[in-house]
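In what follows, a single structure is set out as structure tokens and then discussed.
Here the chain labels run A, B and C in written order, and each chain numbers its own residues starting at 1.
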């Protein structure tokens, strides 16, 4: 991390908007084309180069991004806030516990009220799949999906893919395994759709209670043995076991899970020399991976966090810009 | 909503302060003259023209506005925050649950502590009527009432009146009915005082348990039948039934209330062609009004939200400016 | 308080960094030299002169300060936020209740995640002594201790000493009594270390259950009678009785405590004519001191609050600057 005190004042300059991007909303990666995904990744890379020294840009000045989170998430919410502010935009936060939704207001009315305060983008997280889609059909401002139940979490998928591309200079042809709680994971879905479109081979791997054979219909390989697939993998994305979400335990014991699926030094030695270890976080040390792997040279977990800023800059800039031009 | 990416930099220019305004605090509309109310409305209109494209002004730069809310209200708090920030001011948020008040500190000491951090205005919401008045007597900075129990909510009254003036180009001579829960409504009180001063005819209408004859002493018409007064009304302001506030139900059933007082399409057909439908929100769809009315062409509910920004810009600018000039 | 609307734009100017300061972290006053403490006080005085009219500086532009508070404290958190923002820095807030720590993440991982979002300083409050030290050993960004259990609260100690110096033009040779709950007070510890280094005579005074003889090993006088030491004191710092913290009551009754240790007008008459009355707040009126003393001419309690801003400006600027230069 490079610290830049007192950067020179950034001249207000028109970002050249390429003709490709026409979406006002980002609802999921399932709908995007490979070109659209690459456009986001390219823009994110450009923002990385421009802002990694702490410099603020002004391409979103005069805009307001509203966070409307019905599930707690300091991490994702803060990432969106910082992304907007570092592009010169303003940010407002709404949370379920204090908002009018607790007074019986519908979520559409809440969102329309936020829009009426001149919000240009609403970043929404909700436990019900499809909530962002519902809002997008009822609002004129941009809607960004920050997680809709177990369905999609597109900016997480994009930052994961961006991190892979950053370390491998490509995505096509790589073998990427998503390990663990596939069933409850919106991160898994967004990764699968995004990675497949860019030409990666995707494996989902975990206990049978969390990994269904039906995933094969998405063109994904299904495995129940990490040890079996490990030697072939270029990237492991170790999904979080969401203890706080599951009503019933989907495996006999944490110890059993760790024995079969935790990434540890012994497994790392049987992996490719340049394997990337990813995890969307927050991680359970000792569950999805051991501390020596989490803190070791193969781990790019903190790069994922940093890259989340650049991805969200790109997404906010593209979608708000499309809204400005009157795109649907 | 017009989106303005990268507005041109706003030159710092001295707003010409007309001699009329001398108040450091805004505690309620009961105390204001018609001239003072019109001054706020005129300034709000000026700020609307200057900022509706997303442009930020700098007339409050170097000032800090503190939100001190003892009741949850994302909507009003956010509106004040955005108003201050769009005029270049800084904002800090205090909430009752995390503030020192929970450690036994008096509210005056809490407010003085905030003032000592160089706050120029404290925006206060409290369930006890008169709290803003108490603070104004003990602080040197501006105090803005954002709702004191069932007493007053002056910026809500002002934004309602502003919205009427915006759509009718006048207030005097109009017939405005406040419908519903008059007894518990600070919005009703602020509207009554403001509308009467500007020459409107005001009707309060609702079940006898929520509308007392004593309102006539304020020069207001009292009615228990919406159907009876409807043909004469230019504006209906449908006050929220605050289910979360009432200990006992003030009417036999919600169905009974809806039957007698909900605004629906059948009633709309018997109203004036250009009737304005207002509601302070958050609305209970199907209670105060039906969805087709809420979303129909007569509804200006979302205009009210947007106008709240401009009213709060005007109020903060006038009151902080008066404090700067040493006004009482 | 002077209100400055529309200050002239502050030219970006390089603050001349004196060679003395080499610390990236501020963990406590125990570790600092007298020179280092004086450097912070001098910088705070400079920031006071530059910003007391509401002017914002830009010496921290391009930096992000993150508040990571595991105990509620609107007051301290807001003071740090305003300090950073008035120097042009950005601020993000994390709280224990909504952060990933509640999902089983370790505090080091939480802090590393914040750092990965390009935070340059993490301001941490935690109930466990040593938490800031732990983080400082695991992060590359600056760590500022905002209170670690009963151990230290260095910026509180600094702002207390700054306030004394402001009113007495010196610290050396003064007699300063810390009165009340010494045992649980991080403020007491930070004051003792700071005041001793600058040459003050320090007395700790309170009931034997809250004041141990072992304090004498720090070169501090121990007293159980406020009345006995009162005539000799130049400064009384009345520590808060933290009713919310103590499992068992450390004195027979509040009335007993008030009788022996509360500062009241009768006691004030037997004190030096120019005695300073301080309290870190939030104060319990009628417990540590009576209202007439709290609001009287000897009280500098609100000056302490204001000075907290300048101290935190100085600390953030020095530590972030040291981090930028690659200091340890």
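One rule holds for everything that comes next: a contact is a pair of C-beta atoms (placed from the backbone, for glycine too) under 8 Å apart; a residue touches a chain by one contact, two chains touch by 3 or more.
Just so we're clear, the structure is a prediction, and the values are computed from it rather than from any experiment.
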Key: chain C against chain B, contact positions shared by both copies (same if over half, else different)   = different
Note = Mapping chain A onto chain C via their CA atoms needs a rotation, nearest 5 degrees, of 120
Query = Cα centroid separation between chain B and chain C, in whole Å?
reply = 39
Task = Give the residues of chain B that touch two or more other chains, as numbers and ranges in rising order.
result = none
Key: chain C - residues contacting chain B, complex   = 1, 3-9, 52-56, 72-75, 78-79, 81-82, 85-86, 243-244, 281-285, 302-303, 305-306, 308-309
Query = In the complex of these two chains, what residues of chain C are touching chain A?
reply = 12, 14, 58-64, 90, 92, 94-95, 98-100, 102-106, 109-110, 112-113, 115-118, 120, 140-141, 320-321, 323-324
